[in-house]
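The following pair of complexes shares a single chain, chain A, combined with chain B in the former and chain C in the latter.
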Partner chain A sequence: MTREEIIQKTNEALSKEFELPVEQLRPEASFQTDLGLDSLDAVDMVVVLEQKFGMTLRQKYDLRSMVTLNDLYNFIEKLANEAQK
Partner chain B sequence: MATFEDTSVVITGLGAVSPYGNGIDPLWHGLLQNKNCIHRVTELEQLPMVKTKVAATVPETDFSFIPRRNRRSMSKMACYAYVAAQEALAQAGYKEAPENLGFFMGSTLNSISVWMNIVSSCNEGHLELVKTSDFLQIMNHSPLATTAQALGINGPSLGASDACATGLYNVALGYLAIKSGLVSQALCGGTEEYHPLFSACFDIMQAASFHANDCPEKASAPFDKNRSGLVVAEGCGLLFLESEQSARARGATILARILSVAANTETENMAYPSDVMIEKCMRRAVERANLSPHQIDLVNAHATGTIVGDIAESKAVEKMFGAAVKINSLKGHLGHTMGASGALELIACVKMLETGEIIPVKNLETVDERCGTAQYVTQAQQQPISVILKNSFAIGGNNCSLLMRRP
Partner chain C sequence: MKYFRTAINTLLWGSGALLWLGLSTLCAFPVLYFWPGKDGQRVRKFVYIQSKGILFFIRLCAKKLTVEKTDAPLGPCVVTANHQSALDLYTVAALGFDNVLYITKGWVFKLPFFRFVMNGAGYIDAEKTPPQIMLEQCRKAAQNGCAIMLFPQGSRKNPQARFKSGAFFLAEQLNLPVVPMAISGTGKMLPVGSIWLRASRVVLKQFEPISPRSYSGELGHLKMAQDVKKKIMDFVNTQEAK
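What follows is the complex of A and B.
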């Protein structure tokens, strides 16, 4: 899976779940301050991303390390690469 | 500080979501115009063992106007509560909830549909599909908590859950909270959302209507000799209560005055109410208000259209009032909105006091002779009335009566 595909799928999932306009989903956007998502949303985000990507994220998902969307893209990309090995 | 006895409690705001739509106006005009809101339910068609095929549901509403941050934790019944709360606050004269507003609201069950989704995920081995927000929607006090969060209601919040008497019990709680000095204002009532399993369960208990499946408009017929049970419905009713002192100080319009509440519990049987306990409950309410039975103009009955419930209540009314009091029930129109019913029907009673329009019992064509000789309202009447006694009774034996007067 390419990074572009990861970004697109992530944005689709977040846009639908959290009713966010796609144009607001910039890599540097902060979950809390820019997107208005809180800790409850962070937990539910894992559920929708697991469904979208068809892989388990929750064991390796560290909420505190996710500040921006880019952090999330990097995290999923890393897991996807590991899964391919 | 005013004492318990000295504190008068008044109603200054009303909010409703009913099978007639969102708002007090659709509710009141639906009742006045004798409109039908009972319909066949597709899901019930697919359950051959279930005899009842009808229900009364709130017209489909897009609740996306509720901020997502709040809505994510709200089941349908919580959305109803949000809408009704906003309306009641607005009528009471508030754009935002006042400081230390008490909030007393409950339901019979929490959201069955959300519960079903969680159970399905679990049974299918996909518990990972369950979200935090799913759990937040099925907590028993979820509608109370989420509506309070969404509207900034920061006083004490408590939800009595007394099945079909929930709405009226919560009004009684609000009344007592104001009388006791805990709060000077409170939003009170009940909310409920429909699920076909609700109908199925009442059907299993042989308490659901089946005699008019092909003519849903006739399916709910309190006191009628051909009735066969209740029609499950949904909605939310909320009333804004406050001390008269508070209402006068801020120049609020007083819609009605609550004179007394009474409650007791039937201990002989979970599902069979007794006329003895119902009479005691009503009598206590009347005596607490220092009134005599002949001073009551109208009894707004719980009367759901079940065989045993209607008989017990009508016997109790007859024993206490003879044939001297008018009696009606609104469930012929609305069906049984369960936890919301006491509050929604109380709201309609406020409108009856205000306008003098007495709503007749829809579908009451021939009174069941076992329901005695009470003065049933079978035609719309325009006649000023001063005092209404409102009853709500629940499976489990939770009885509640409330006495209310024109301001």
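What follows is the complex of A and C.
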């Protein structure tokens, strides 16, 4: 899976489930400040992305280390690369 | 004529409503301060009476106030409504809920006038209270017959904003029915940042309760939030297009 595909799938899921306008989904957007997602949303987001990508994220996902969307894209890209090996 | 009505609404009924809030709090203060009742129950009953008074003033200001209720019991539940105006806090009394625990943003607790009532009634500061403690406070309140009221949009700034799923997660955890309530017209009557009370058509509608058990899976509360928002906003948008 390419980075572009990861970005597109992630943005699709966030836009659909959390009603976030696509233009707000910039890599530098912060979950709390820019996107207005709270701690419960963060937990829901993990489940939504697990369903979207068909892989387990929750054991490896550290909520505190994720500040921006770019952190999330990097994390999923790393997991996808590991899964391919 | 429109401006004249707005001036009359603001000067007469708006001042009347403020006077009612101030004087009733002042009169009730000594009693409620020393005898707030079990977990602030007496203060919450007092807020119900205050809300009924505010509804009377809303009726005077409105072109028409319509309340559509269901026959559902008024016991423990999670009431969720859209949020357009500061007046919305008082509208739940129109449905007959007289023992309501509000979960609100922290700034309301800092208002000098409201602080006493907010703390005395045991209302919950959503920004300061850790989730586990909030859950336990709500569980205890529900066991004492309280309805829990939240505005899942969290703010009045965007009337079409997303419904956050916290209220629905709470209902799921406590196994309480969700009672959706649509509020239409209060945003036109008293918009955010305005002090002028415009005459508008106000419609309050209570929907049938929804059991959290009808939503399964890890994302049940998120799906319920989306469905309840659709139900409420479809009604509000239809009313406001009239």
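Operating definition for what follows: the second predicted complex is superposed on the first by the 85 of 85 C-alpha atoms of A that agree within 3 Å, B and C clash if a C-alpha of one lies under 4 Å from a C-alpha of the other, contacts with A are read in each partner's own complex, and residues count from 1 in each chain.
Rule of thumb we're sticking to: a residue touches a chain if its C-beta (ideal position, glycine included) is under 8 Å from a C-beta of that chain, and two chains touch if they have at least 3 such contacts.
The model shown is predicted, which means the values in this text are computed figures rather than measured ones.
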Which superposed partner A:58 touches (first chain B, second chain C, both, neither): first
Partner chain in contact with A:44 - chain B first, chain C second, else both or neither: both
Touched partner set for A:19, first chain B, second chain C, both or neither: both
Partner chain in contact with A:77 - chain B first, chain C second, else both or neither: neither
Partner chain(s) touched by A:34 [first = chain B, second = chain C, both, neither]: neither
Overlap of the chain B and chain C footprints on chain A, listed as residue numbers: 18-19, 38, 40-41, 44, 47, 51
Partner chain A, residues of chain C touching it in the complex: 131, 162, 164-166, 169, 218-219, 221-222
Complex interface listing, chain B residues touching chain A: 64, 68-69, 72-73, 128-133, 136
List of chain A residues in touch with chain B within their complex: 18-19, 36, 38, 40-41, 43-44, 47, 50-51, 56, 58
Chain C-touching residues of chain A, taken from the complex the two chains share: 17-19, 38-41, 44, 47-48, 51
